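The chains carry the letters A, B, C and D, assigned in the order they are written, with residues numbered from 1 in each.
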Amino acid sequence: MGNGERMITAEVGIRVRYQETDQMGVVYHANYFTWFESARIELLDHMKCPYLKLEKMGFLLPVIQCEAKFLKPAKFDDRLVVRVSLNKVPAARITISYEVFHDEVLLCTGQTIHAFVDRSGRLIRPPNDFLDCAKKYFKK
Amino acid sequence: MGNGERMITAEVGIRVRYQETDQMGVVYHANYFTWFESARIELLDHMKCPYLKLEKMGFLLPVIQCEAKFLKPAKFDDRLVVRVSLNKVPAARITISYEVFHDEVLLCTGQTIHAFVDRSGRLIRPPNDFLDCAKKYFKK
Amino acid sequence: MGNGERMITAEVGIRVRYQETDQMGVVYHANYFTWFESARIELLDHMKCPYLKLEKMGFLLPVIQCEAKFLKPAKFDDRLVVRVSLNKVPAARITISYEVFHDEVLLCTGQTIHAFVDRSGRLIRPPNDFLDCAKKYFKK
Amino acid sequence: MGNGERMITAEVGIRVRYQETDQMGVVYHANYFTWFESARIELLDHMKCPYLKLEKMGFLLPVIQCEAKFLKPAKFDDRLVVRVSLNKVPAARITISYEVFHDEVLLCTGQTIHAFVDRSGRLIRPPNDFLDCAKKYFKK
């Protein structure tokens, strides 16, 4: 990253809920996307740009694409760490990456892509507050 | 019910989703409340007073109290019937009852209590449309 | 409680997830039961009788009855406290109570009733470990 | 498909639950994966190889990878159709594709990749019953 490109990262702890398991005895796959959400919220907090504030200003950040790879199952009562990172200067589309760990073993990787929309669902430019927050991390 | 009191009933079929099970190998208890919701929506349809329409008119019907008793577990892929009934002329508070059956065996009974509120969460009188719909069933 | 009766209490912090909200803009009612579960797990930890251990020994603790009253809505990103208590010496049926607070305002009260069952779903006596743990709190 | 390659398809109807919405007023993205599950179950039924039967024989079919693209939001009470298809002769990895429609408008596309595992989580060869079912569709 000789060009000064950096990234923004954060972490959130998750304790697996019984409700999140299924009869395979492991966590149901769709629940990882909820944990990704918790990590994303933490990332925005870390950037001093909390999602609640963005939404109150009329900026929504829906998921327009998402994916995950499941390497090993998470289990009830596991205390997981979800590492989240924003690797590129955010543009019209914002790509966020996730890794879920249990005892430093990687269980899952994933990615979500977002766009800012207004209350009516129309695509809009990311709010300046958000861009300014983000650029601090990526500028040299 | 010699006094002409009747009740309004409806039924909805539910096929149990894998996602709704937990590692006990049965349905996680909180999911029955989502099935109660499906049955309630069906009841309002049956009354020609669909919830979507009520909400578009600005009437929300949150749950202010709920309960359930679990007699036998529901399992993955079970095809259940949820019977729902409104037993009293609706007033400020609306009480709705539920029974969940599998192959005519009763698995669960429950109840929800609702009040109408407006978009700001303030308690309001039930909409006339709803009261009129309901009264048709209870009148002699 | 002149007879030396006491109770066992614990608390768990919950940060409301976006996934837990619904289009009313508040938390969907059934999700409180998942938070009750988190609080119950914390209570068992506190009693040095973690649920994971109980289940590994073949003791399951399903919910056989549950209820909740919703006084004020919880909202996205709220940082809640769920207080949980076991008020009676546990017998065949175990009753656990819950209170959900936001900024010390009570949002919800609830209760769950449980019984111990074995892997085949047959009712069994609570494990001695659990009874011994519990009695320590209730004995004079 | 001059080489006789065909595919297996099925459809399932979904009526959107209030519980599945979030405070954006649309369906929370992770819920589409549960609908994909319902469609997959229907596909296996259609192949005369129901998942419940597979699991009873000791074959589990966890999701090892999944993705979705969200084109337009699904809303409360929408009556959706989820079209599911198996496009390739299943091998060690099984790829299943999904399309979610509302009033013939495509809302979402997705894909899940699965592998068969046994009760202990070990990768195993797909059951012959399943392969035989599948091959009927792909054979000339």
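Observations, loosely collected:
Operating definition for what follows: a contact is a pair of C-beta atoms (placed from the backbone, for glycine too) under 8 Å apart; a residue touches a chain by one contact, two chains touch by 3 or more.
In this text, all values refer to a predicted model and were calculated from it rather than measured experimentally.
Looking at B-C and A-C, the interface holding more C-beta pairs in contact is that of B-C. The chain with its Cα centroid farthest from the Cα centroid of chain C is D.
Centroids of chain B and chain C (each the mean of its C-alpha atoms) stand 25 Å apart.
If you average the CA atoms of chain A and of chain C, the two centres end up 30 Å from each other.
In chain C, the residues that touch at least two other chains are 18-19, 24, 26, 30, 34, 76. Across the interface of their complex, chain A is touched by residues 24, 26, 29-31, 33-34, 60, 62-70, 73, 121 of chain D.
Those residues of chain B that touch chain A in the complex are listed here as 18-19, 21-26, 28, 30, 76. In the complex of the two chains, the chain B residues touching chain D come out as 15, 17-19, 34, 37-38, 41, 50-52, 76-77.
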